[in-house]
Amino acid sequence: MYDLLNVKGLKTAFKNNNQRVSVVNGVDFGINKGEIVGIVGESGCGKSVTSLSIMRLLHDTTGDIQDGKVTFKGENLLDLSERSMRKIRGKEIAMIFQEPMTSLNPVMKIGKQLMQGIILHLKYSKEKAKKHAIDTLKSVGIPRAEDIMNEYPHQLSGGMRQRVMIAIAMSCEPELLIADEPTTALDVTIQAQILELMKRLQSDRGTAILMITHDLGVVAEVCDRVIVMYAGRVVEEASVDELFESPRHPYTKDLIESVPKIGERKSRLYSIPGHVPNPNQMPNGCKFAPRCQHAMEICFNKEPELTSEEKRKHRCWLYQQNNVGREQNLGSK
Amino acid sequence: MAANNLLEVKNIKKYFPLSKGWFSAKGHVKAVDQVSFSIQRGETFSLVGESGCGKSTLGRLINGLIKSDDGEIIFKGKNLTGANEKAWRSYRKPMQMIFQDPYASLSPRMKIKDILDEPLKIHHPELSKETRKTMVQEILDVCGIDAYHLDKYAHEFSGGQRQRIGIARALILKPELIIADEPVSALDVSIQAQVLNLLKELQENYQLTYLFISHDLSVVEHISDKIAVMYLGNIVEISPAEDIFSRPKHPYTQALLSAVPIPNPKVKRERIMLKGEIPNAANPPKGCKFHSRCPHAMDICKTVEPQLKKVEGQMVACHLY
Amino acid sequence: MTMNYKKITWLCLIVAMIMAMTACAKGPSDSESASSAKNDKDITIAVNQNFTTLDPQNVSDTLSISATHAMYEGLVGFDKNMTIKPVLATDYKVSKDGLVYTFNLRKNVKFHDGATFDANAVKANFDRIQGSKGSLTASHYLKNLKDIKVIDDNTVQFTLTKPFSAMLNKFAMIPMISPKAIKKYGKNIGLHPVGTGPFEFVKWNQGESLILKKNPDYWDSNYPKVNKVTFKSVPENGSRVAMLKTGEADFVYPLPEQNVKSLKSSSDISIDQTESTIVRYVSINTNKKPFNNKKVRLAMNYALNKDTYIKVVKNGFGSKLDSTMSPKTQFYSKQGVYEYNLDKAKKLMKEAGYPNGFSAEIWGDTASDTMKGMQFVQQQLAKIGIKLKVKAMEQGTLSNEIYSPKTPDQAKVQLWYVSWSPSSGDADGATRSLFSSESFPPNGANTAYYKNNEVDSLIKKANKSTDPDEQAKIYKQIQKDIYSDAPWIFLGVDTILSGHRNNLKGVYVLPDGSINIKNAQLK
Amino acid sequence: MAEIVTKTDYMPKSRGKLRSFCAAFIHKKTAVASFFFFCLLIILALIGPSIVPYNPQTPDYNHVLQGPSWLHLAGTDEYGRDVFSRLIVGTRLSLGVGISSVLLGAVAGTILGLISGYFGKWVDKTIMRICDVFFAFPDILLAIGIIAILGPGLQNVVIAVAIFNIPSFARVVRGKTLEVKEMLFIEATRSIGATKSRIIFKHVFPETFSTIIVYLTMNLGTAILAAASLSFLGLGASPSSSDWGAMLSMSRDYMGTAFHLVFFPGLIIFLTVLSLNIMGDGLRDVLDPKSKD
Amino acid sequence: MGKYVIKRIIGIIPLLVVVSFIVFLFIHLIPGDPARLIAGKEATVKEIQAIRHELHLDEPIFQQYLIYMDGLLHGDFGESIKSHIPVMHLIGERMLPSIELSLLSMGWALVFGILIGVLSAVFKNRWPDYGGMVTAVSGISLPNFWLGLVMIQLFSVQLGWLPTGGADSWKGYIMPSIALGAGIMAMIARFTRSSLVQTLKEDFIRTGRSRGLSSMTIVFGHALKSSLIPVVTVAGLQFGFLLGGSVVVETVFSFPGMGRLLIDSIQLRDYPVVQAELLLFSFEFILVNLVVDLLYGFLNPKISYET
């Protein structure tokens, strides 16, 4: 049990051409107070949907949470009324998104967007909210905060907008910040600035962060613990050091392997054959089996469970207790 | 210059006028400002830089998709500058492009065989239908797409497969130079590796020359022989790939390298944090365009624009040297 | 998630209701209270067109004539049967040679603005018309006028260049405007009518209504008997009928024939019928093959069932046209009707060499009754093999098509479904423009290109004569000659229908289609 | 979320284009119903004259203005002609005018729009300004002008209505062309050395095609209305023809006495236009989900 | 912004000159001779010639245009050929009712159109959406003259609630404004819906929700404003058309508007009236466009007017 957020058996499906397709299928994980947890995976693995499901933000989509439990500070969010859920959103759990260009209302002044949440959740008067908003803007490193209050998003650069997004998210001092690919759309030099800012906020305020990203580099730099997802499932969970040092799941291994790394020039990159399965046509058994180098017969027939091993978890037949050939199999690579 | 140069670009310049009318600002975005470099046969020359630095514009200028305002493009010893649209169409045959977004760069209403057949129809109308069909099949095979896909539409493929089709389309005319504009940045890591490997293989088999445009330094390092770093329309450094990563000269190159997150939690580095953001290209700083963010900025940097000069086998545009 | 939007639904509904309520509660505006305050001495007349101008010397449409005649009067005027009687003149004299007209004027008549009506006022009016160089409609009536002389305050004398038998009718069409107002308003006189009539001008809302009030100082102290008259233009037939039913209007004109049945059942409403001077016919271009063959023209006349025509097209109101003019026109003389006889028509077609008929075009304007009539003609002539193409043209185009050809041979018109009414009810107006060979388009409306030397000389002769009996004799011969030549398909004479609520008396329509409200009276 | 929405786009699909279009369209029940209604109209237009109970042109002066009955489903008109038969026979005329005028306008407008959008600059400005002038000109004046210049008659109504349609098609196609022009695959095609005409007709035009089809369906309704309005003002079809607008125009005098004469032609115009609009909406949702009307 | 408006208004003048020339050419191109039409049926060629001369119709068309423009420059729109009433007066009388009717039609079309659009978008693919869109599509598909005739039959003749036409009381405006506004309302509803549906898919809506804002605030506070641009465009265009008057509806309801004046003048080839009315119409149209552009600036802060 984790002391801030526990997700158990989360299952979310989308309706497409009258078919229900599970995009997130039985996801379990948790976050402790003040911790930075990363969810990493390739596009379509369900990492964003997981975060939206936690926030119950599947409005305006065909998505629907089908099963599971999301316990936040002892309360199951999935049981709350919409009205109570609104009190959680933005106040207890805040969220920032990938596209700083489109995630702010283009026709509303920054100040108003910022103050809206403050007035709503903290019940501040207008003046107090304004002061608080300016303070928050300053705390995320925005120069000329007073002027920016009266500007529109399009007048700011991408990095600035992402800072504003963070300011909006942090303005009500949430306990958990979900960051969905917060730096993907930014240039490297700006990405470095934003990551630095997030780390600082976390250490200053003790806010827990759920960092959703596809970039192993970002994970390695900021996260304490990492969850690897593939095809709507958690395939591995470990502390960041353990994960990069001794990845257990073949997918994690391959993923780390296939990233080109500066200073390690090779004539050929390692690459995973095949492609991510279509959610309509999921293979039986382990979803990674068709691309896996170590696949055994059982992998194609039966899906492995997420099993714990000391402080880490993985979902692979290679490590299931009744499997004898595990060392041998890995060693053969 | 050396006769081995496949492509030579001299002082090329492109200013985009800011839209008139409703918008208040007027003037020009200096997308590419006096850029010169040359590419030798068989090498991979990379352009790296952050968004808005003009690297993609430069790629399009070389292909003639955009007309340059000034400067010369010399390809295979022939000066292409000032040619009309009709002439450009024939110049493009030995100089093909691969685009960033594999979802958008293939016509959604054509079958794969028609997409691949189109370049042949345009440039080799003399070939028979059968010959063309065989050529299409051959090239697909080379690029790792099974022939039974010929009758499918682009949207029926995954991103990696589409990028392979895009490569096949570029390759079918047997070009000498391929301009690859961020060919892997829209792909997932596992697919990215497949495509990069394919590009390398093709280069070896067909003696291709690449102009590789990317923002991702780790990808660039993997594939390049020579790297040019761009900042706000200028090249600030040109170096052989090994050198640029082991001993970057320009402060911007240094900062860029240090900003790349490394997928290894054990590696802890001294980070060079750049101040602020890239200035507006419509109104860049005077002198060295990087001086506003440069940790080593001197007084001269604010007034005099540095020129590229040779420093220890690397070309650097910086007053530090 | 559904719950989320419940509030929005409510909000939308509430806003919608508020909007609807405010729209309804826009409140009784002043105009509304004005219409509800309509008292016993006010009447409303609904008509089908807009008034074009209130300049009495520049009006050409009957509706505007009706309106101006309520405010203006001429030296002479028409009574209910279109016969001439003195109005602002007490009596008049015509010289033997038909060249000199002398009028004695009524005394103690004042214009609405207080100006006195006298011989100088008359002269001022005639000077205005002649000075307009043809741009005022009334100047067409004075083509033959040589000069006007003021004998004394109450006597004026007109001299003509040549005898013109219909001159008195023309005088009836020239109302007198206050000379003071002419000076004051100049060209804008059409907006500020000042006459001697029983009603004074109040307000003209163009395209909508004209409001008149009683002239308290009218020279005939018995009139007028109502305080206020409102003319409303309501072009849509159904709307006009609806107004009569609802009581929004006291008098409607014209009353669509097809509505008579539905109104007859109403006890509050009476329907008046007036035989008009309006004749309906199809002019046949006698200059063109095959219409130059009299047998073809006769066949067309015989093939057309006039009773059905009146029943179907005119909804049973109207009479068969049995001459070249209406019984209400001066010097009318009845001829025999070409009664419906299909066999005879077919025989005539065969004799003419068209046993299987031929194709032709029939033209007309876009008014709905014209289109109806054309279709009927098409249906009827189909029985003798004549295939007609119905071509309804917008007024301006039609007139261009008809009047632009310079010579008869250039003319493209074959059949034209049209109506005619002489502007001042005179026989000359009903004959010369239609049948004289001088009146081939573009000079006149002889679209039949009818040329008969005898008729031409008779028309001239009639004009010179000052003796009504002789004139009657001449016109009788003219009508007989023309009717037997059949340059038209003779269809019918319109019956003018008007409807009024039973408490209104004294408003009637003249045979030329103008409305007289002088005697209006409410019970 | 964007991730989810676009996912099906690039996942390998096995279904063919036409089949998936049909599947999606059939899902829209109202659109399908409208489609069948429209098919019925087309059938009536083709075989109408041979199945009607009465000759639509034969007058029967003894039975004029009769209300609806089993003998005359929609009553008889002022000449005693069967309104029901006239409505059926009129289908060909009314649909014909609508379809031919919209097609004419669509072809001309599409060409102008493609040229204007693709070439831009002064070509675009010139064409668009001319379109603006046409757009700002009151329709009815334009119609009267055209009909006055060309003379009355149905083919000139077709021309007049087609001319109304040109600027709107030109605008829509231009907008779509501008959008398509910026798409990467157009640049990709340019980079392999394709000529302008090839790009315009082989690549840009097919992209605009679905928009054109949708717009065509919707404008067809408007065109039928416009032709009916012209006929209503007496400028359109010959009054003797059984064109719906002409029938409505001829019958409005009988509004108070024989309301069925006004009601039925109006109803059929309404139903036709309604079905076209619903069909257009359905097509748009399926073919062109992004376009905003 | 004030400067921008002045600049735009000055920019209208050359445009109007061009329009006036096109209009002049166009109406003189239409066959038909006003002299013939006003002279009456009994007129002779000589009389018609006299009138033509009086009206300068016998001069070359370019000369006529110059004479006309000379008058215009002196603020003189001429007088009606038919009635000799000054054109300004004729139009002035019709303009007010036309403007009032346009405002009323537009007003209710906007209010109900946007409401229906919002409901439909919010309840996309559920019954309020279907209901709203059926209303909307019906509104577009109804021939407005037919709607007018049916309404007269029902509300005036059968029920006697409303007058059949005219503009002399507020009641007279109800039915014409409904007949005119139905189609526009339908269009606005559709545009609002599709635009709002699009906006509700935007990322910033999700941002708003992630901050705990209620649906109410999201729809009305965030989404609606940025969805209104296409609505404003279509409303502006339609309002421009409305101001020009609708011939058909004005005929049905005997409403004293600009449309009927226009058609009457065209039929009589009353050139000065037609010209002035078309010129005014273009002017109004351009003006409405200007207002629409200014509204864009209000709705979308990315557009600024300091040019």
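Labels A, B, C, D and E are assigned to the chains in the order they are written; within every chain, residues are numbered from 1.
Basically, a contact is a pair of C-beta atoms (placed from the backbone, for glycine too) under 8 Å apart; a residue touches a chain by one contact, two chains touch by 3 or more.
As the structure is a prediction and not an experimental result, all values here were calculated from the model.
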Work out, leaving chain E out and holding the others fixed, how the remaining chains group together by touching. one piece
Chain whose average C-alpha position is farthest from chain B's own: C
Chain-chain pair with the highest tally of contacting C-beta pairs: C-E
With chain centres defined as C-alpha means, what is the inter-centre distance between chain B and chain E in Å? 53
Distance from the mean Cα position of chain E to that of chain D, given in whole angstrom: 23
Centroid of chain A to centroid of chain C, CA atoms only: how many Å? 87
So which bits of chain B are touching at least two other chains? 158
Shared-contact residues (touching 2 or more other chains) in chain D: 1, 5, 11-12, 144, 148, 233, 252, 255-256
So which bits of chain A are touching at least two other chains? 43, 59-60
Going by the contact rule at the top, pick out the chain A residues touching chain E in the complex. 55, 57, 59-60, 86-91, 94-95, 97, 99, 102-108, 116-117, 120-121, 152, 154, 165, 168-169
For chain C, which residues count as touching chain E in their complex? 4-5, 7-9, 11-12, 15-16, 19, 23, 26-29, 31-32, 34-35, 50, 52-53, 55, 58, 60, 133-135, 137, 140, 143, 187-188, 190-191, 205-209, 232-236, 238-240, 242-243, 245-246, 248, 394-397, 399-401, 403-404, 420, 423, 429, 433, 442-445
Name, in rising order, each residue of chain E that touches chain A in their complex. 200-214, 217, 221-222, 225-226, 299-302
Partner chain D, residues of chain E touching it in the complex: 19, 22, 26-27, 29-32, 130, 133, 137-138, 140-143, 145-146, 149-150, 152-153, 157, 187, 190-191, 194-195, 198, 201, 203, 206, 230, 234, 240-241, 244, 247-248, 251, 259, 262-263, 266, 274, 278, 281-282, 285
What residues on chain B touch chain D, complex-wise? 60, 63, 65, 85, 88-90, 92-93, 96-97, 99-101, 103-109, 118-119, 122-123, 153, 155-159, 162, 166, 169-170, 173
